[in-house]
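Take a look at this one; I'll ask things after.
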Amino acid sequence: MITAPTIEYFALAPLLVIFGAAIIGVLVEAFAPRYLRRAIQIPLTLLSLVGAFALVILQTVRGVPTTPAAMGSVAVDGPTLFIWGTILVLSFVSVLLINDEDQFVPSAAAVPGSAEEEKAITEGAAHTEVYPLALFAIGGMLLFPASNDLLIMFVALEVMSLPLYLLCGLARRRRLLSQEASVKYFLLGAFSSAFFLYGTALLYGYAGTVDLAGISQALAVAGGTETLLIVGTALLGVGLFFKIGAAPFQAWKPDVYQGAPTPITALMASGTLVAAFGAVLRVFWVALGNDSWNWAPIMWGVAALTMVVGSILAITQTDIKRMLAYSSIAHAGFLLIGVMAVGDRGQNSLALSGLLFYLVTYGITTVGAFAVVTLVRDPGGEAWHLSRWAGLGKRSPKLAGLFAFFLLAFAGIPLTSGFFGKYAVFSSAVALGQGWLTGLVVLAVVASAAAAFFYVRVIVLMFFSDPSADGPTVVTPSWATSAVVGVSAFATVALGVFPQPVLDLAEKAAKTLFVQ
Amino acid sequence: MTAIPWLSILMGVSVLGALGVSFLKNDKLAKQATLGVSLLVLVLAVVMTVGFSPNGDRFQYAETYDWIPSFGVHYAVAVDGVALVLILLSAVLVPIVVLASWHDAEQGKRSVRTYFALLLVLEAMMIGVFAATDVFLFYVFFEAMLIPMYFMIGSYGGAQRSYAAVKFLLYSLFGGLLMLVAVIALYNVADKNSFLFPDLIGAVTDPTTQKWLFLGFFIAFAIKAPLWPVHTWLPDAAAQAPAGAAVLLVGVLDKVGTYGMLRFCLELFPDAAKWATPVVIALSVIGIVYGAIVAIGQTDIKRLIAYTSISHFGFITMGVFAMTTTAASGATLYMVNHGFSTGVLFLVAGFLIYRRGSQFIADYGGVQKVAPLLAGAFLIAGLSGLSLPGLSTFVSEFMVLLGTYQRYAVPAIIGTTGVILAAIYILWMYQRTMNGPTAESVAEMKDLNGRERWVVAPLIALIVVLGFFPKPLLDVINPAVKESLVNVKVTDPAPVVAVKEGQ
Amino acid sequence: MEPVEILSHAGGGAISLAWLMIALPLAGAAILLIGGRATNKWGHLLAVLMSVGAFVVAALAFFQLIGLDPAQRRQSVGLWEFIPGVANIGLLIDPLSISFCLLITFVGSLIHIYSIGYMSHDPDRRRFFAYLNLFVAAMLLLVLADNYVALFIGWEGVGLASYLLIGFWQYKPSAAVAAKKAFVVNRVGDFGLLVAMFLIFAQFGSLQFAEVFPAAGQASQGVSTAIGLLLLLGACGKSAQLPLQSWLLDAMEGPTPVSALIHAATMVTAGVYLVVRSGAAFFPEGSTAALVVTIVGVATLLAGAIIGTAKDDIKKGLAGSTMSQIGYMMLAAGIGPAGYAFAIAHLISHGFFKADLFLGAGSVMHAMNDEVDMRRYGGLRKLLPITFVTFFIGYLAIIGFPLLSGYFTKDGIIESVMHHSAILGWLAVVGAGITGFYMTRMVVMTFFGPKRWDEKAHPHESPAVMTWPLIILSVFSIGLGAYLVLSNRLLLFLAPAVGQPEELPHFAPFAVTGLATLALVAVGAAIAIVKYGRSEVPVVQPRGSFLTVFARRDLYGDALNEALFMRPGQWLTRLAVFFDNRGIDGVVNGLAAGVGGSSGRLRKIQTGYVRSYALSIFVGAAVLAGAWFVVGTL
Amino acid sequence: MTTHYLVLSALLFAIGGIGVLVRRNAIVVFMCVELMLNACNLAFVTFARQHGNIDGQVIAFFVMIVAAAEVVIGLAIIVTIFRTRRSASVDDASLLKY
């Protein structure tokens, strides 16, 4: 006897707003005349994001629901709301970057360098589809960490990824790289999601349900050594680790970040990472929480490998975006430490709040950094090669100063947000009082000392070496871009000096933990 | 105890000054503004010192506000005698450095006002790091200090500047990050939900934990100090930094290391400190002799001075870990005196190098003939470097050795050989640069001008006065040091033969 | 015997103003150095004034002191708290210190005056006088200090002054090197003094004479011996005793008045002062420390004398003799209260006649435009009558010609040493004989025989400002010895400070030893006359026998130091520098390079081929699953 | 007797995976991925039968939809890069590396 499903529309409202706006956007593409599209899309996108954010706030104020919505398949709880808020803010600033259409190809279908591309350029054509695509991706990002069963999670994963695959291929310059990034991301993404799906299937086989709570109950009953469970978890893990770019599944990240249009890179590096970590937490804490003794050691290895690979490989990078990609890999490693710091409820909420705070600080700084990257141009597009950044500190001290500041935040120097992010996660890990985890923290700080080297290297280039004669030009930023840079710089300072308000939010969000 | 938040005012003035200076368009104005601000800070610091009552409670001018409650972090500042004199040291040195580096920043055709703004930021942080009574706050300043210094070395330094700057930053950062883990662990182990120094005293009881945490702190401080064998960043940094920055680097920043050992390593982890003492004393002694010997072999004036400092830091750490009142007070006094003496040594060397444009001893000779004042200043600075009695450095070195001998005779004796080596490295450098027939390359050298005299005179005056009358400083230092040693639970060894009651 | 307790001075009178003795010259030095060129015109006069002023204060204090009854004659004047809990700056006015004060200020003043003339042509005369004042101040602090720390301040202060004055003509590399050498060698001695202070403080918890000396007896034998030997090391440094003698001969690079004041009359006697001052406490009669003192003394007195025989440089000859004379004092100081008085007596009289001799030499050089090689002198008797007469008196005094100063003081030493130990005594006698030889040689070569100088030199007598000091000094060189020694005047005067032997020595003129001494001296003098007076003296130095070369080379003292310390030291330095750059720093940079290199290699893993990425995912998945199984089955 | 189905799905999944590793043509690689997805579907329905609930079958439908969407996107991307490079070999697309 099947009861009619009940849907908590209010709880899901932010999702609905985003997806609705996306669909409207598609319709606009279909029916609105070309010259109007941009004028419609941008406000539509931004407003929908603002609206969604407002709704998130409203819900938080109205009281966080304690039961999952939509027949237990979407969990809108404290952490979710916090993550939603974060993602929406990050997406908003990223969209402001996307708004700079000079980043995107006029006509993706046209072969690079062909006559039709010339034509498109002269016509000033533009892919305003970018906006609905971005909105779909953002919707996916919102759903991904909120999904309370593996099927929804899979769907969300795809909804998040598919638009991104496309967006990666739309860079205006260095088309070949862009397309290559796109195809690589697509193939590897599809590959990994196949793993995710098979893992889901096996867990379904183990538990008889894909509901996270159901799985954890099954664990409580059956214990954690069945083959199905083990292999299932492993494959599921592969899919998730791939998304956060943990070693050995990190290979796609540098290539994609480098090839994709910088605003999209910003969106992926901030929003996707946040969403993915939300999902990781949900799967490993809600579904496999009773099994932490089995997966923690594995994750230990993954985290260690990730932070080392990220820090080491970044040292010799020459492409600024690629370097930032490796740095984000290293940060993923640091974040994983927090995922392992599970214990009693108090400990969990401590670790969770730490992670949430880290995600906020890292995301906002990342967007700022990439925003700066968009501004430093060569005749052939962005000055991607580091050597071109030499002496930027003299040409435009302010911009270079801001970038240096972001880099220091990545390095985790005190009085920047990055420091407290690291501190929050590391301290929660040490608070667990387990030698093996503290050891990992020590490894982490050593790694971040190594990581500091390549951040500092860029600063050295910008400030301590003299500019080359035909150095890159710094374009005067559009209002949007400068807004992005300003906001993220402000946030990086504010969170570095007075982190308490955001910490409070994170703690309040984490207090309830995830609903079962 | 006044209600006036002196320490916040000191920092605030510097920071605001830095902001103001960075917005000034006119370089000359910027310099004068910087000088004004730093002098104002000095005056305030002096006023504060006058108000300090040495035999009152240990921490005075305390301010405590919650900063990050969820981490138990406070904005908590206060000074005891030790911190006070070190703050005073910074406050004295900064205006002098400003005056001394009047033209330094212009050489690289780089932004002058940035340099001076950085100076003021650095001053604020130096005050903060010594004033912090919240371990976390201390750590924040400890790390944040690196950045302005990093830029001062990197943008305004010599040929190898970026190498030196990066080496300096990464080396210190590495130590600092290890310390970060220790700080976190300390917080969790102590489980006081507070980072306030007084709360944390005696909070860690388990010996093994103490040892680990001690190591975390100590390595960071040893790198900062720097202690042999983690010293090699200093010669590069000091040799590449502009003279002014070098003064603050060696004169004040490095003191944070030795200060931290005294304040945190000893008081927070007394048992671990005692456990580590033999090793630390050994390292210090090695540092004293080794630094001196390597200094003798240097061909670059600034590197030579840097190595002499390594030798001197050996004395300081030895004094700190000897754990006798005399030695510890001596070590603290040493921090101050070394700041002055190395300061004037670096500055005069800077004037010399600025004139000739070379750091190599071989490029000089017979300067005394053409620039007697310069040579005289250099000689006095050098003599204070070899701690000649009558100059302040002697008092501290004597106290350190005397106090150390009471507990560790042999190290003290070996350390005393440093006295002979010091004579060699200083006088040999002086002979090679200032004596003998005048090299034609320096024949045209100008003597100290008015500004430079104003730089050198106050320091030399201080060195001489404190050399004969160190009591004022010691009266401030002694009670604080005694308190620390009480927390460490050590008592001075009694003399073998009891003499009739004198002191 | 227990020394009389030190009383803290009631106040009033010159004694409570004793600090002026130090303050005046110090002020002089400060004014001249800070005042700079502005003071060029009158600077030297001010310096002289200050030095004389110090003498006046000393004299007044002296008279006030002898006004008190002997038990009261140890007055300490506290000045200020120096290092709380460790030491205070205070002055101790007792017969011993006051005698030194008189010597220092009086001879010092004369030499100041003399220098007015001697340095009249030097552009840097002001600086010279500033340094002289500085020296006087430091030396007075040394002898007046009532504790070891203050003493040490003066101790190194005089070291500094001597460094500055030896290197006064710093543009001469030889002078610069000599100055540095003097300071460094002195520092070696200071090392001993420092460690001695640590040991004393660890033992007695104080460095004040007033507290240490009474308690000294309670220290264990070994400890007090150790303290004694360490103090002796310090003394050797300052007083150019073996094995730290090497700096004194080079110190003659300084202007001659410096050699006279610092390196003959006063500073070099500081070691003797230190030994005598701490004598009762740490060099008790018959102790090991005391024995070592006597051995050092006798060795040095012979070494110095031998060196003196071969020098052609008149100043170096005198320097050798200084070493040897101080050897005598040390020897005496080593035999306890019986010797102290004679040590001090000889010290004082030597102060006068050696100053007389040096200044005389200076006057000769002044006349011969700074020629120092005696082989280029000769027959100056007629041209420099006053110089000759004064010098000759000094000469008679030093060789111990009957009834002159040296005769009483030196023979007094030899006598009392004889009582103590015959061997030492006879060695001392031999030393006296050699003295006779080299001093006669010096006089003969300088003032007698044919003239050997070249035409450019126009010898002329020095101006009055230089000759008057000579005259005064020579007068004292005649009578002072007798005054001090006869009827044990000085001994009784010093008794409150340093104690006195059980039975007072009664000075017997022309006793056996006395006669033997005279005979040997006569023989020595005769040989010298025969060798240099009767026969022709070659202007160029002959190769000379092995012994001569041995003596010329200062008994290979420098060669030894070079072989033992300098060369190994240089090697060590090079090694250390190399180790620091390649070794320690190498490891650091190597580590960084290693990380960078591994990064360069590892990034090749990122081949750029989708399929290899996929492979890494596939393998990764397998590994994960495998690991999970392993962990699960644990 | 559901084990055989599971083994079959595992085999299919493995074949798909290997295919992705060994084949060069982007289309074929992509097809291999689709094969893996279908292996998953097989597993789902099998387990559905095993547990006697229909969740698995429902999921299978979802997966098909997603797969279809994936095909749309994927072919679009592959075609674009094919037009640019005149080759569908994934090994040619290796400018981004190290």
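Each chain gets a letter, A, B, C and D, in the order it is written, and its residues are counted from 1.
As a convention for this text, contacts are C-beta pairs under 8 Å (C-beta built on N, C-alpha and C of every residue); 3 or more make two chains touch, one makes a residue touch a chain.
Owing to the predicted nature of the structure, the values given are computational and were not obtained by experimental measurement.
Participant: Of all the chains, which has the CA centre nearest the overall CA centre?
Facilitator: So the chain sitting closest to the middle is B.
Participant: C-D versus B-C: which has more C-beta pairs touching?
Facilitator: B-C
Participant: Relative to subunit B, which chain's C-alpha centre is the most remote?
Facilitator: In terms of C-alpha centroids, the chain at the greatest distance from subunit B is D.
Participant: Counting only Cα atoms for the centres, state how far subunit B is from subunit C in Å.
Facilitator: 36
Participant: Counting in whole Å, what is the centre-to-centre distance of subunit C and subunit D, each centre being its mean C-alpha position?
Facilitator: Here the centre of subunit D sits 97 Å away from the centre of subunit C.
Participant: At what distance in angstrom does the C-alpha mean of subunit C lie from that of subunit A?
Facilitator: Spacing between the chain centres: roughly 79 Å.
Participant: So the centre of each chain is just the mean of its C-alpha atoms; given that, what is the distance between subunit A and subunit D in Å?
Facilitator: From the centre of subunit A to the centre of subunit D is 25 Å.
Participant: Could you say which residues in subunit A touch two or more other chains, in rising order?
Facilitator: Counting only residues that touch two or more other chains, subunit A contributes 183-184, 187, 191, 254-255, 453.
Participant: Hey, what residues on subunit D touch two or more of the other chains?
Facilitator: Answer for subunit D, listing residues that touch two or more other chains: 17, 20, 29, 90, 93-97.
Participant: Among the residues of subunit B, which are close enough to touch at least two other chains?
Facilitator: Residues 170.
Participant: Can you identify all of the chain pairs that touch?
Facilitator: Touch list across chains, by label: A-B, A-C, A-D, B-C, C-D.
Participant: Please give the residue numbers of subunit A that touch subunit C in the complex, ascending.
Facilitator: 183-184, 187-188, 191-192, 195, 224-225, 230-231, 233-235, 237-238, 241-242, 248-249, 251-252, 254-255, 294-295, 297-298, 301-302, 309, 312-317, 450, 453
Participant: How about subunit C: which of its residues touch subunit A in the complex?
Facilitator: Touch list, subunit C to subunit A: 592, 595-596, 598-600, 602-603, 606, 608, 610, 612-614, 616-617, 619-621, 623-625, 627-629, 631-633.
Participant: If we count contacts the way the header does, which residues on subunit D are in touch with subunit A in the complex?
Facilitator: Residues 6, 9, 13, 16-17, 20, 26, 29-30, 33, 36-37, 39-40, 43-44, 46-47, 50-51, 53, 55-56, 59, 62-63, 66, 69-70, 73-74, 76-78, 80-81, 83-85, 90, 93-97.
Participant: Contact residues on subunit A for subunit B in the complex?
Facilitator: Those in contact with subunit B are residues 353, 393-394, 397, 408, 411, 413-415, 419-420, 423-424, 426-427, 430-431, 433, 438, 441-442, 445-446, 448-449, 452-453, 456-457, 459-460, 463-465, 499-500, 503-504, 507.
Participant: Help me check something: in the complex, which residues belonging to subunit A touch subunit D?
Facilitator: 108-109, 111-112, 151, 154-155, 158, 162, 165-166, 169, 175-177, 179-184, 186-187, 190-191, 194, 197-198, 200-202, 204-205, 208-210, 254-255, 258-259
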